[in-house]
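Both of the next two complexes hold chain A, though its partner changes from chain B to chain C.
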Partner chain A sequence: MKQYQNFRWFQGKVSILIDRKASFVTLCLLIVTMAVFIISTGLGDMKINPVTVVSVFFGGGTEMEQLVIQSFRLPRIIVALVVGMSLAVAGGILQGMIRNPLASPDVLGITGGASTAVVLFLAIFSNESNALTVSIQWMPLAAFIGSAVAGLLVYFFAWKNGVSPVRLVLIGIGLSALFQALTTMMMLLGPIYRASQANIWITGTVHGSTWTNVFTIVPWAFSLMLVAFFMARKVNVLGLGDDVATSVGTSVQRLRFVLLLISTALIGSSVAFAGGIGFVGLMAPHMARRLVGSVYGALLPVSALIGAILVMVADLIGRTLFSPLEIPAGVFTAGIGAPYFIYLLFKTRNA
Partner chain B sequence: MKKAIETKQLTLSYGDSIIIDELNLKIPKGEITVFIGGNGCGKSTLLRSIARLLKPKSGEIVLNGKEIVKMSSKEVAKQMAVLPQGPVSPEGLTVLQLVKQGRYPYQTWLKQWSSEDEEKVYKALEATGLLDLKERSVDSLSGGQRQRAWIAMTLAQDTDFILLDEPTTYLDMTHQIDILDLLFELNERENRTIVMVLHDLNLACRYAHNIVAVKDKKIAAMGKPEDVVTRGLVKKVFEMDCEISIDPLFGTPLCIPYGKGRTVFRQAGAVNG
Partner chain C sequence: MLLKNNFQRIAGLIFIVLLFLYLIGASIVYGYTDTSWKMAWEAFQNNNGSNEHLVIETVRLPRALIAAAVGSSLAIAGALMQTLTKNPLASPSIFGINAGAGFAVVIAVSLFQISHLQAFAWIAFLGAAVAAISVYFIGSLGREGLTPMKLTLAGAAIAAMFSSFTQGFLVLSEVALEQVLFWLAGSIQGRKLEILVSVIPYLVVGWLGALLLASKLNVLSMGEDVAKGLGIRTGLLKIGIGTIVILLAGGSVAVAGPVGFIGIVIPHITRSIVGIDHKWVIPYSAFLGAILLLLADILARYVIMPEEVPVGVMTAIIGTPFFIYIARRGFNAK
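Now for the complex of A and B:
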C-alpha cells in the first residue's frame, strides 16, 4: 500500500497530502479516546455500564444516572480531556520550536509561574483568620496570569538580537527554579492547611470541575489548538533550524513569538482549571513521535489524543483506586505515562 | 554578463568588531562562485549575509536588481535557497519529508501539495539519486547521503540561486567529490547559480568559474581561478608559501604548500639518477 495519498480539488487550488499510517493511528487513538471517555464516565462509586452511559448522553437512563453523570462526572472528565490535549499540543509546539526534546511547559517555568501565582493569590486574599476574602473562583484567573507572566518573562530575558532556543531553555530553567523557591517559601510561611490546599493544586487535579469551567476552557482551548494545527507547517520548518527556516521564507523571530504565545495560552488555561499536571506536555509528543514521526501535521493531533487519554486515565485511577480518597490526577500522569514512555524509548533505541 | 547578486558598500559586524568593510561585490548569474579564505576571514559571514541570515550593519544586497530588504521573505525564498553549515534534521524525519519542506514558499494552508510540488520534489530526489532512500530517516543516512538530502531540499525550492556554506565539511574525499560533482552538474544542466564557501583551494579551482578570496575585511582577488590563484595571492590570503602547479587531470591551478613533512622525492630521484 502506498504510504501517501494526494487530494487535489478545485483545479488544484486546494491540495493536501495525507499520510495513511498517521491517519490510521489518529483514527485508532480517536476510538481509544472515546472508549476511555465513556468507560471513565461509567466508573466511580456508582458503576454504570458503558451502554447506559451512551444512552444517558442522548437523554436516556434513570434520573439518578443522569444526575451522577451530568452533574458530577462529565464536567471533570471533559476538563481532563481538554487539559490533556492542551498540554500535549503546547509541549509538542515547544519541543518543535526550541528543537530540544526536553522542552516542556514545566521546564520553561510556565507552570511554575502559575503555581507561584496561586500561592500568592491564597496568601494575599486571606484575612487574619486565614479565610479567603475573595471567591475561590478567581484562582484560575490568577493561575492564568501567572503562566502568562512567566511566559513573557522567559521571552523577555531570553531576548538578545532575537531569541535563540538555547537561551529560552536556560532562562526557562532558571526562572522555573526561582518560581519553585517562591512557591515553597510562601507555602511554608502560610498556615499548614493552606499549604496542603496549594499542594493539591500544584500536583494537578480536575476534582471539583463544573460546567462553568467546561464552558470557559473548551472554546478557548479548542480555538487555540485549531490555530496550532493551522501552524503545523511552520513548526515543521522551524524544526530544521533558524537558518533553513529563514531560507524557505519564514520570519523566524515573529513565528517563535507567536508559537510561544499559543503554547503559553494553552498551558495557562490548563493550569487554571487543572493545576500543574506534569509530564504530559513532555511525554505525549514523544509518544506521538514514535507512532507517526516528526511531521507536525500528524504529530500535533496524535499528541493531543495521547495527552487526553493520559489525563483521563490518570484521573480515573485517582478517583477510583483509593476511593473514597481522591488522589490528584497529576500523581498518576507520571505514574502511568513514565513506564510506557521508557518502554517506547527502550524499544526504539536501535531504530 | 548579467550581474545577479550585488553588494553595495556592505559592512558586516558582530557587535563592535567589523568583519567585512564596505564591500562591493558582483556575483555573476549562471556560474559557480566560490568564496575562499583563511579561518575566520569572514567568508561564511559574507555568505550568510547575502543569504539574509545575518543583518548587515550598513550597505545593501541586491538580488536580480531588487534590494533584498525590500522583498518579502517568501519572495526571496523563491529565488534563493540556502544550505547552512552542518544542518540538523529532527529525529526520525524521512528524506521525502525533509525534501518536501523545500516547497514551503510555494505552499499555503489550502494548497499544501500541488502537482508542481510533487513534480519538483521527485525531480530533486532523482537529481540527487535519493529516490530509493526517500522513506529512510535522515539521521540513519551516511554523511554524504545526508548532505545530498539537504541539497535535494534546496533543489526542491526551485530557485535560480543556491548558496551553500561549506557543503563538503566533515565528508571524506569520495563524498566531497560526489557533492561537488552534483553541484557542478546542476549548474551545467539546469543553469543554476551556485555560490559556496569551500576550504579546499584545489577543489575550489577545479569547480569554480569564479573565485572570491576574502582577506582583512576586503576582497583580495576575484576572477577565474587560473587568472587569480597565484603564489602571491595564497601568501596574502592564507599566509602560506606554496608553488602553483597545473592539475595534470584538469589543467586548473594546483596549490602545493611548503612545509615540513617527509621528502621521498629527492631520494627516489637520487636512486634513479
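Now for the complex of A and C:
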C-alpha cells in the first residue's frame, strides 16, 4: 500500500495529501473516543445502557434518565474530553517547540503557577473556621491567572535577544521548582483540611463541572486547537532546528512566542476547570508518536484523541470503581496511561 | 566557563572546600537553641552534658553531616544522569527514584501503619531501587540496548505512574497525608546519625565510583559511537553509571526524602564554572551541592522560627534566582 493518497480538485488548484496509516489510526481513535464517551455517560450509580444514552442525546428516554445524563454526567464528561485534548495538544506543541521529549506543561512551570495561585486563593479567602469567604466559582479564574502569569514570567526571563529552547526550558524548570516550593510551604503552614482540599485540586479532578464551565471552555479550547492544527506544519519546520527553520523563511522568534501563547492558553483553561491533571501533556504526544510517527499534522489530532480518552477513562474509573468515594481523575491518568505507554515502548523497541 | 585553566580550578576547589567546612560549622552553631562557636568546640572536647551540648551533639551535628552527604550525592547523581541521558533536563528523578521511594513510604504508612523515620529509610531505599531497576530494564529492551531516548521515556512514564499512585493514596487518606506530606517535601530535620551511618557505605562507593568513571564519562558524552570506537564497553559503563546513580540518589532519598532541584540545578551551575570535563565537574558538583543544601538548611530554621520550612522548599527558593541568572548568562559564555 502506498503511504500517501493525494486528492486534487478544480484541476489541481486545491489538493491535499493524506497519510493513509495516520488517517486510519485517527479514525479508529475517533470511534474509540465516541464509544468511551457514550459508555461513560451510561455508567455510574444509575446504569443506563448505551442505546438509551444515544436516544437521550436526541431527546428520548425517561425524565429521570434525562435529568441524570444532562445535568450531572454530560458536563463533567465533556469537560474531561476537552481538558484531555487541550493538555495533549499543548504538550505536543511544547515538545516540538523546545525539541525535548521531556517538555510538558508541568516542566515549564505553567501548571505550577496555577497550583500556587489556587493555594494562595484558598489561603487568602478563608476565615478562621476554614470556610471560604468568596464563592468557589472564582477559583478557575485564580488558576487561569496563575498559569498565565507563570507562562509570561518564563518567557520574560528567557528573553535575551530572542528565546532559545534550552534557556526557555531551564528557566521553566527553575520557576516550576520555585512555584512548587511556595505551594508546599503554604500547604504546610495552613491547616491540614486546606492542604487536603488543595491536594485534590493539584491532583486534578473534573468533579462538579457545570454547563457554565462547558460553555466557557469549549469555544475557547476548540478555537485554540484549530489554530494549533493549522500551525502543525510550522512546528515540523521548527523541529529541524532554528537555522533550518530561519532559512526556509520562518520567523522563528515570533512563531515560538505564538506557540507558547497557544499552549499557555490551552493549559490555563484546562487547569482552571480540572486542576493539575498530570501525565497527559507529557505522554499523550509520545503515545501518538509511537502510533503515527512525528509529523505534526497527524501527531496533534492523534494526541488530542488519546488525551481525551485518557482523561475520560480516568474520570470514569475515579467515580465508579471506588463508589461512593470520588477519586480525582488525575490519579488514574498515569495509572492507566503508563502501562499502555510501556507496552508501546516494548512493541516499538527495535524501531 | 568561569575558570579557564587548571590553576584557577584548583584554587576554586580549595575555596569551595573552605566554604563547605565553614557552613558545616555554621550549621552546628546557628539555630533555635542559642549556641556559639566556642560552645560547639567545647561540646566535642569535653561534653558536660548541658542542654546546649546535647543539642549540638545529637541534633545539629547529625543534621550538618546529613546535609553535606545528601547534597553532594544528589548533585553527583544529577551530573551522571544528565550525561547518561544526554538531556539537560534529566535528574535522578528521571530514574523514578523519588517517585518509587515516595510510593513505598506512602504504602507503608497507609497500609501497614508504619510511622517511624528509621523504618522509612529502608522502605524508601527499597522503593527507589525497585523503580530504578524497572526503568533500567524497560529502557534496555530492544536490539540497541539502553538508549538515552528509551531510558528517558521509560523513566518519565514509571515516575508518573508511581507518583499518581502516591497521590491517589494521599487523596484517600487524610491521616496518611498529614504524616507523609512533610516527608514528601524532603527534610533533613530530626534524622538520627544512625540513618546516615547505615547508608554511608553506599554513598562512599558511589562517590568513588563516580570519580573513577570521570574520564570515561567524558568519552561517553561525545556520543555512543565515538565511545565504542575508542574502545569503551558502553554497555558495561552504562550499567556502572546506573548503579552509582541508584546508590547515591537512593541513599539520599532514604535519608532525607525526595529533595528535588539540587540534582538538576547543581550540575548546570558547575558546568558554567568549570566546563564539561567530568574530572572537575564531579568534585565541584559534590561540594556545591553540599553547600546549597547546608545553606538552605540553615536558612530553613530562621524563616518561620520556631517552626521549620522543609529544606526542599528552601533549596528551590535560594537556588532558583541563581539558576535563572546562570541560564540567562548562557552556559557557554566566555
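The criterion applied here is as follows: the second predicted complex is superposed on the first by the 345 of 351 C-alpha atoms of A that agree within 3 Å, B and C clash if a C-alpha of one lies under 4 Å from a C-alpha of the other, contacts with A are read in each partner's own complex, and residues count from 1 in each chain.
Rule of thumb we're sticking to: a contact is a pair of C-beta atoms (placed from the backbone, for glycine too) under 8 Å apart; a residue touches a chain by one contact, two chains touch by 3 or more.
Everything numeric in this text was worked out from a predicted model, so none of it was measured.
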item: Simultaneous placement of chain C and chain B on chain A, clash or fit; value: fit
item: Which superposed partner A:G146 touches (first chain B, second chain C, both, neither); value: neither
item: Chain B versus chain C as contact partner of A:P165, first or second or both or neither; value: neither
item: Touching partner for A:P301 - first (chain B), second (chain C), both, neither; value: neither
item: Which superposed partner A:K13 touches (first chain B, second chain C, both, neither); value: first
item: Residue contacts on chain A - larger count, chain B or chain C; value: C
item: Touched partner set for A:F230, first chain B, second chain C, both or neither; value: first
item: First (chain B), second (chain C), both or neither touched by A:G84; value: neither
item: Touching partner for A:P101 - first (chain B), second (chain C), both, neither; value: both
item: Which superposed partner A:G239 touches (first chain B, second chain C, both, neither); value: first
item: Gap in Å between nearest CA atoms once chain C and chain B share a frame through chain A; value: 9
item: Chain B and chain C footprints on chain A, overlapping residues; value: 101
item: Residues of chain B that touch chain A when the two form their complex; value: 48, 51-53, 72-78, 80-84, 87-94, 97-98, 101-102, 104-105, 107, 109-115, 117-118, 135, 153-154, 157
item: Touching residues (chain side chain A, partner chain C) in the complex; value: 100-103, 107, 157-158, 160, 166-167, 169-171, 173-175, 177-178, 180-182, 184-185, 187-189, 192, 195-196, 199-200, 202-203, 278-279, 282-283, 286, 322, 325, 327-328, 330-335, 337-339, 341-342, 345-346, 349-350
item: Chain A residues touching chain B - in the complex, by the definition given at the top; value: 3, 6, 8, 12-17, 96, 99, 101, 230, 233, 236-237, 239-244, 246-251, 289, 293-295
item: Complex interface listing, chain C residues touching chain A; value: 87-90, 94, 138, 141-144, 149-150, 152-154, 156-158, 160-161, 163-165, 167-168, 170-172, 174, 177-178, 181-182, 185, 260-261, 264-265, 268, 304, 309-310, 312-317, 319-320, 323-324, 327-328, 330
